[in-house]
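I have placed the structure first, in the form of structure tokens, so that the comments after it can refer back to it.
Going by the order they are written in, the chains are A, B, C and D; count residues from 1 in each one.
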Amino acid sequence: MQAELISKDGTQEYFVNMGPQHPSTHGVLRLVLTLDGEIIKRVEPHIGYVHRSIEKMAEFDTYKQIIHLTDRMDYLSAHMNNEAVALLVENALEIEVSDRVKVIRTIMSELTRLASHQLWWGVMGMDMGAITTFLYAFRDREMINDIMEETTGARLTMNYNTPGGVMFDLHPNFQKQVKEFIKIFKTKLPEYDELLSGNIIFTERTKGIGKLSLADAISFGVTGPSGRASGFACDVRKTNPYSAYDRVNFTEILLVEGDAYARYKARIFEMWESISIIDQLIDNIPEGVIMAPMKAIVKLPKGEFYQRVETARGELGVFVVSDGNKTPYRVKFRSPGFSNLSVLDHISRGHKIADLVAIMSTLDLVIPDIDR
Amino acid sequence: MEQYVFYILAAIILVFSFMTVTSRMILRAAVYLLFVLIATSGIYFMLNYNFLAAVQLTVYAGGIAVLIVFSVLLTSQLNEKMEQVSLTKALAGGLIAFAGALLTILTIVQYNFRPNGLPELEPSPRAIGHAMLNYGDNGYVLPFEVISVLLLAAMVGAIIIAKRPAKLLNEDRTAIDTSYPSDKNAYTSRTKAEIDSLLK
Amino acid sequence: MNAIYDFSILTGGIHERLSGLMSPTAVMITEMVIIGTLLIVFVALMGLVLVLAERKVAAFFQLRLGPNRVGPWGSLQTLADFLKLLTKELITTKSADKFLYNLAPFIVMLTPFLALGVIPFAPGLQIMDMNIGVFFITAVSSMGVLGILIGGWASNNKYSLIGGMRSAAMVVSYELSVTLAIMTMVIMTESLSLSEIIASQSDGWWIIKGHIPALIAFLLYLTASTAETNRGPFDLAEAESELTAGFHTEYGGIKFAFFFLSEFVNMLVVASIATILFFGGWMPFHLPFEWAVGFNHIMDFIPGIVWGFGKVTFVIFLMMWFRWTFPRLRIDQILNLEWKYLLPMNLVNFLLMALIALSGFYL
Amino acid sequence: MSTIIAYFKGIGQGLNTLWTGMKVTGYYFFHARKEIITMQYPDNRDTLKIPERFRGRVVMLHDQNNEHACNGCTMCEMACPNGSIKIITDKILNPETGKAVRIIDKHIYHFSMCTLCNLCVQACPSNALAMDNSYENSVYDRSELTFVLNQPGSKIRDNVKD
């Protein structure tokens, strides 16, 4: 540890290790805080506590096998991660998947996004001290998990996508269940606003906290709702539409404030957008095959391939260098969590410890996504 | 019965007073002082003078002691023991204390205590309140008000001293880009065109 | 008032029986021992009940079931937890100041005991009727923060220290609001003695008789006292998501139980004060109107102990409702709330109450 | 004056937002009987509904004659990303044709390494493998998580192609 510093006012700065075991880092993230009283002078994230070398492991797996590893990166947007790899292989081999698969993938992505945002909302409340929100969020998330379980066979690590399509066809109950969920959730979502968004304690604690300017958002590569709350139009669903996103109407949520409350609001708005996307698609899922004809062993042509998707946390990029074998030569994931974490020090300086918790919460960090 | 309670309280006061001045750890000294103050209020309770006892608890035990501990926590040499007092200093201090005690004891012993014949005042808060705001005989309105003004002046002075020039707490915060206007109460979703126009 | 429910008959009987047996000094000592034992049992029992109540209430707010394994309806759960805490090893961190570290839980536990000594829960059910009861409670409750401060420092942990400092800054400032809100009501009650305050409400509770200023004073008192007991949304001293456990991070076993219990007993104390000042303590619900004589008479038949504890439960429920709904405030916001909102409002309300008392504009 | 109005307006609005939140939690408190969503897990095993697609662990399907469809082609072993499947094959002489035929001796499945990705089930050309719905899989020793999927004494079904 470095020597403790004396600041200009004659007060003593000191270090606090926040994590790796700490209730609000949500995993094993270690933050070395330099504090002056309660004021944060510097935040130094130390990562790598759940590093499982997924990128290296992927070099020894076939393209089909890589997908199940991506489940374990950002486990809350498992479906989108799967989709990224699947889309990459499909684009590299120039395989056209059926419309049915596209629509299924889109609905599933949006359901996953909803589930992720619900969990984030609950945890956000808990970080702020309102523990009740956590349970309410889990109540609503449970319905999505049940739908997922029924169709894909797993609640969290779905591994539903596969190059060329999806693993199973939709469960016969799927449409009914999703409509039921949307109907219920439309009445529950206003409760989220009543409990937190409007609450004066909450707004006082988040407005003007952790301001991230547009220029900084772009230069740090902060994507997803966190970036869009600063006005960075970075929604991959709009800029590079994939799956069925080019045939649905939805607004890209953009705010200008860039503070913690804007990031919070962006996600709440996004939940409404997700609902509307599912609403548009659920009634007209086209018929078709769920799996395009594929060879048993997928080999990508020699070259470099990049595919980006919009996960619940931001832009996930998959970069693959192929030497023509059945396993990739090199895989690199551009995970949204890593870039979003990098901005933490920049926006939390000068705030208090309690604000740091709020800022971290609104950045919506998932530690395995950062470490991979 | 009452005698024993008095002896116990007196012993507590004596022992902890001594420990307060001899303890070399500053926070412990503050805590010992707290015990002394509480025991003092115990003696007031024993005298059936509840109001003064409660004042003692509020002002000294609850107020002063907390502030002392609070300010002690803000000092920098908190974790170190205080340096040993040199023998001459200790001797001089002890001598002065002894002389003071001797003087007091002599005065008390020599003074001929006798009842003053005044009617016994009921120490009820009502009577105290009346006495405080009474400007007739046995009235204390002038000292009461003068002390209020004094305290007010002290408070204003403390604020003036404590008030530093308005310095930004987040001075070394990296400059935030304020090139785009921020409407704090809006927080509604905007289109890309709107944001672009805001940025211009 | 119905004399059947008066506990002084019982206590007086015991006193007479004892006086017949032994000398006055021995009687006094015996009674002190009995009362002390009863007080400890009462505190332990209330602690167990309140902890269970908190967990059940929290569970229902959060769509859960709460404890339901040990005993019927989970009623023995807190007892089981308490036994578990009792059997845990007492650990002192290596470079902690051992004396202060061990002293802190006792200081924290001491104040609710002292305060409970003067609170009447039912007619005659009061250990000591002091003529400055309310003042005494505010006096002793101001000492509890010392335990938190000392414990936070002595643990030799940075989180504990931050928690202790926050708590001290908070409690010292919120004490003003609590005392001022109490004083506002003392204008009406014209007494500091708790039994006299209750007696002054025999024709109607002050929250009804004192209407607007009394209602404002109640809200102010509720807010400030929630903050003084370090409960959510003002639980900055422990602030789970920021400081892991705040001032009691390093405490375990029975010493932790002391901190934990003191929070609940403190809650009981402040709820009792609120009950006594605003809802007439154990006084039945009376309407201060001529036509309501019959109604008042019916209310008299409900025992005072039911009224007393019923109202205390209501106030405690309100505090739990706050805790399980609101997010936590930040330290500067808490101090802002006190100095910019509660204190000025309290002062204005105090003035308003004085005017109303002078003009006789109360029921 | 306007600042004073704003001051009190702020207090009023703040209290209103707090009350809005309290109404939500209050509603659930007073409708607890209807709204509670807790599942008392070990007690509700009888009523617990596990979806048929739920991926519990890999099993080999056996029919009533204790026959399975696995011919030991090791496609599943190759498909497994974690190496949790190991097939030990054997050769026996077919009495009719006199040729050596490959059969499985042991289909070993290390559940401790499995990530339940379903790839082995998909890779199997003869649909010999499946995922079952078991969900209480904890054991006291790691060795208990290694399964031999083909049942003792089982043999391959006749109509399975090589």
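Structural remarks
Methods note: a residue touches a chain if its C-beta (ideal position, glycine included) is under 8 Å from a C-beta of that chain, and two chains touch if they have at least 3 such contacts.
All figures in this text were calculated on a predicted structure; none of them were measured in a lab.
By number of C-beta pairs in contact, A-D leads over the other of C-D and A-D.
Our note on geometry: chain A versus chain B, Cα centroid distance of 53 Å, whole angstroms.
Chain D has its Cα centroid 65 Å from the Cα centroid of chain B. Chain A and chain D, compared by their mean Cα positions, are separated by 24 Å.
Shared contact sites, meaning residues of chain C that touch two or more other chains, fall at 61-64, 324-326.
For chain A, residues touching at least two other chains, in rising order: 132, 139, 195-196, 199, 201. Shared interface positions of chain D, defined as residues touching 2 or more other chains, are 18, 21, 24-25, 37. Every pair of chains meeting the touch criterion is listed here: A-B, A-C, A-D, B-C, C-D. Chain C makes touch with chain A in their complex at residues 58, 61-64, 158-159, 162, 166, 232-233, 235-236, 239-244, 324-333. Residues of chain D that touch chain A in their complex: 13-14, 17-18, 20-21, 23-25, 37, 51, 53-55, 79, 81, 115-119, 122-123, 131. Chain contact summary for the complex, chain B toward chain C: residues 1, 25, 27-28, 31, 34, 38, 50-51, 54-55, 57-58, 61-63, 65-67, 69-70, 73, 78, 124-126. By the touch criterion stated above, chain A contacts chain B in their complex at residues 12, 39, 41, 207-208, 211, 213-216, 231, 233, 251-258, 261-262, 265-266, 269, 346, 349-351.
Of all residues in chain D, only 11, 18, 21-22, 24-26, 28-29, 32, 35-38, 40 touch chain C in the complex they form.
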